[in-house]
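Two complexes follow with subunit A in common, the first pairing it with subunit B and the second with subunit C.
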Partner chain A sequence: MAVEHSAAPPSGDRARIHDIGYRTYDGPRLGRAYARRSLYSQSLRGAYGLGRSVKSKVLPMLLFAVMCVPAAIMVAVAVFTKAKDLPIAYTDYALVMQAVISLYVASQAPQAVSRDLRFRTVPLYFSRPIETSDYVRAKYAALASAMFILTAAPLLVLYVGALLAKLDFTDQTKGFAQGLVSVALLSLLFSGIGLVVAAVTPRRGFGIAAVIAVLMISYGAVSTLQAIAYVQDNTAVIPWIGLFSPVTLIDGVQTAFLGATSTMPGGAGPSTAQGVVYLLVVLGLVAAAYGLLVRRYKKVGM
Partner chain B sequence: MYDPTVARLTYRALLGRRRALVLGALPLLLIVIAVAVRALAGADDQTAANVLGGFALATMVPIIGVIAGTGAIGPEIDDGSVVYLLSKPVKRSTIIFTKLIVAIASTMAFSAVPTLIAGLILNGNGQQIAVAYTVAALVASIAYAALFLLLGTASRHAVVFGLVYALVWETLFGSLVPGARTLSVQQWALAVAHEVAGGDLVTSDVGLPAATVLLVLVTVAATWYAGQKLRALTIAGEE
Partner chain C sequence: MPGRPSGLTTGGAPVTTVDGVTVIATESLSKRYPRVTALDRLSVDIGPGVTGLVGANGAGKSTLIKILLGLSPATEGRAEVLGLDVATEGSAIRERVGYMPEHDCLPPDVSATEFVVHMARMSGLPPAAARERTADTLRHVGLYEERYRPIGGYSTGMKQRVKLAQALVHDPQLVFLDEPTNGLDPVGRDEMLGLIRRIHSDFGISVLVTSHLLGELERTCDHVVVIDGGKLLRSSSTTDFTRTTTTLAIEVTDSDEHPDGTRAVREALRARGVETQDGTGLPGAGHILLLTAQGEETYDLVRDVVADLGLGLVRMEQRRHHISEVFRDKQDSLGDRGNDEQRDGQRKEAVGHGG
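Moving on to the complex of A and B:
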């Protein structure tokens, strides 16, 4: 605004203040909890592209379909062949589909946080009554819920199908419950890792690649090392190597506590004592992810 | 055909600030794994081929290719700043070619060099394995960079599609459907590596002549089409 102030300001008698009727807001104030809930529900809808353009619905919906279709096929096979059991255990499903789950978290975690960083809208959120921890909690909870919907829906398909096929009720219910606990842990862990990585970079594309790299590469590295340890007959090391990738962490926890069979080479899953270590590492990682996010947003929220 | 200023800007966009560190993390991991495997298992040709083939060529090279290929042009199109580049009196084909060169150079530097080092650590280039996989990584870098550069100009979700191709198509379908293997950059690169190494530790499903023709064809076609895309680029607003 390069307006020149060459002319002298108008003399006193010509200046007057008009009352143009500004009023203060005196309606109800919905407060911090409401703002947090709104942020949560908007982020959760955004994770599936609801309320956004058609283009941004394509990818999450496609991945959701890819997650559910194999479950439906398995159910159909089980019903028609009158099988005694489902072709896959509830706890194994997420591990088999880990590439799809990783792609989902990699595409949606940057979606949830990178735009706010890139367009510098984060401070605007904090001009509302929410605090840093509210923002982080809402985003984390939203992505974890979206992940839980993604991973639990195929289990539900399997469970309903199993009941329709008149498989043993208590057996199936127990397996289903174990599967749900396992995917809940997986959702928390994966979305925590995804958000921490995505919150570091304002570039969406870079965030996607970084999340995939962390999830898939660590699994690739760990399973390579495990296979080599197995070939060397060094089976005692295998469970300890498994501590270093998110997928094998979940595998280990559900092997130790949720009655799953391990996909580690030779089925050499962790013992109960090692399972406790696995569980502690998972919970520690989730807490660390939350802590790092809060720290990050303390900095960028200024 | 090659514009140094465009190249400088692209290098800065790709490797500037902390991005080079992220790109460098993957090769570093490969070398750490190589050291760990050597310490655990000793020098073994089959193990070396497994690690280099399964981890370096199948996972690391495509991911670095995706980051470098789409990163060379994607972010600029994404935030709209590409218009300032396009409005300069530089031919669009020159822009694409320069960005391709930069993407290829970055992919090679961050994938082929560590592959060679890891190979040397694993078995000291026994049976030419280290050199063979390095050649494969070099060849694959060119094709991946061209392919993913095209994806970067064609789609806003280039990174996701690139990863779907690299991880789902090449890894998953490649191991289930034999036909998918003929249409895979990884296998073409392996065919070249097979020629270098000889022996049966490095094998490919594609013959060398077919692989060479397909590699050249894909690289040239992808680069040409990316140039065409850039000629008629419409800047989309934020969704």
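Moving on to the complex of A and C:
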């Protein structure tokens, strides 16, 4: 142990343990990168309620179960009916479950950032070696990882089930990989949006409502407009409208590049050229979220 | 800061400059916001030991700490902490320094142990060392079994101890304590002041502690820096005059023999050559006598006089000085001290040449 025992009491005298004098610390100080990793792992655990009260474990664990159970049922059906293919494509799963995913971001993004703002713990972090960008990166990476676990776990269930059902290995592996890339992008995008909205308010309840509003209302509005455009036979405009909600953005990217079938009305997904725009918008939003968070915390600072 | 001809070195205070080390040095440090000037060409050198930073609310204490932690750039001037430049080496400073904020900063739903371990790791301590130092530090600040319970159920005094523990857990060379006695009752206040004293005497960590109460800092600190409106008002060692300028308030009971006990004591003390004043401006002030304690012997004298008269001593307490007294006292009680006057002159010079 690196701690110096400068003023230890006579050995064996356990009754006097409270009389140990102050001990200085001469051991290693692991610096910024280590502190950032510590904050990342603490935040990632916190996103599933680990290391927190029993009450705060309930919702994330419940949502995790809700995400995985349908996948398990589909797999069971596929195995017993000896189906030729899984009832759902890997890339479609997250879109079908988007309400659950949105609920998870809405509940955990405020948990990740609003708590530190509300209890004013932020100054304690910034009085330590880490910088604003370290804090933001650790929190962003933690929530994105937590979401990736949430969205990738059911895909893993599907994949393992598909292999058990002896479906075509190459086909399944390709689909699984495409699904993973898709949910990775989705995790980055959703957690970025969730954190930016949540970091504005120290009030957790308001944060939850605001995140849900941004994710759900934008999707509702975009779908409605797309449906109207479809009814009016204005299909060319449908992919462009899809740029304005996070869910349809991911839908567009995976339709263009990841072999998915679009869920937009009439299956009018973006072309490859439009897909590039979609991808740029997604990456731009992720970068913007990071930039906004850094700016926000520079201001909150102390 | 060598090479600076005037300004406020702590040369007059032997205790704080034992080895001539400067812990904090600022040179014409200014911080201006669009509407207010938080710090105005502040030049001060602070040595090891416990240093009090006194000022009314808004005097610039918290701003100074933010700049010294390298979190807020100064508008002009420069500052060094432990020999490191605040403008360029903030991260290195923060690794060696602890900070206890004035406001609440504790999440209610985790235990003190969990919280302090996390903060130790944020300071770069490996997991095992973080746990060991957390247990040690919490014990040193006086938190025992309760450290496993969620912080939400703690009293103000216990919360202050957790805040202090997270500032000390990484064994810094210097801690900034921002208003650590705020919100504490008199007993808690005295315990906290005793703890602050120990941080230096037992732990060997230098302390910069802020307060708006001059009196409590004078008894705790080796050195006191008074700022007002972002300017330096006074910087002086406390060891030479705290004891001699303490104001004592005493209150006694009446007895059959002495129906007016207060008057009897006043006359008895006058006969022994100690002048007293009546307390004014407070409820029941007519029964309180104020006198200047010259040292330990004054306490004994009061005790003997009261005992000889057969009266009961209801109270004998040190009156806390308030920051406002600095303005009043500067001319009279301190003015007759050549040393201070000279220092005062130097201050004006330092402030003047800073721009």
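The rule is simple: the second predicted complex is superposed on the first by the 277 of 302 C-alpha atoms of A that agree within 3 Å, B and C clash if a C-alpha of one lies under 4 Å from a C-alpha of the other, contacts with A are read in each partner's own complex, and residues count from 1 in each chain.
In this section, contacts are C-beta pairs under 8 Å (C-beta built on N, C-alpha and C of every residue); 3 or more make two chains touch, one makes a residue touch a chain.
Nothing here was measured: the structure is a model prediction, and the numbers come from that model.
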Contacts of A:Ala99 with subunit B and subunit C, given as first, second, both or neither: first
Which of subunit B and subunit C A:Ile217 touches, first, second, both or neither: first
Which of subunit B and subunit C A:Val231 touches, first, second, both or neither: first
More subunit A residues in contact - subunit B or subunit C: C
Touching partner for A:Gly21 - first (subunit B), second (subunit C), both, neither: second
Which superposed partner A:Ser53 touches (first subunit B, second subunit C, both, neither): both
Touched partner set for A:Lys174, first subunit B, second subunit C, both or neither: neither
Contacts of A:Ala209 with subunit B and subunit C, given as first, second, both or neither: first
Subunit B and subunit C contact sites that coincide on subunit A, given as residue numbers: 52-53, 56
Subunit A residues touching subunit C - in the complex, by the definition given at the top: 1-3, 18, 20-25, 27-32, 34-35, 38-39, 42, 51-53, 56, 115-116, 119-121, 123-131, 301-302
Of subunit C, residues touching subunit A in the complex: 66, 69, 71-72, 91-92, 94-95, 97-99, 101, 103-110, 114, 118-119, 121-126, 128-129, 132-133, 136, 139-140, 150, 166, 170-171, 202-204
Residue ranges of subunit B touching subunit A (in the complex, touch as defined): 19, 22, 25-26, 29, 33, 36-37, 40-41, 47, 50-51, 54-55, 59-60, 63, 66-67, 70-71, 74-75, 78-79, 156-160, 163-164, 167-168, 172, 239
Residues of subunit A defined as touching subunit B within the complex: 52-53, 55-56, 59, 99, 103, 106-107, 118, 203-206, 208-210, 212-213, 216-217, 220-221, 224-225, 227-229, 231-232, 234
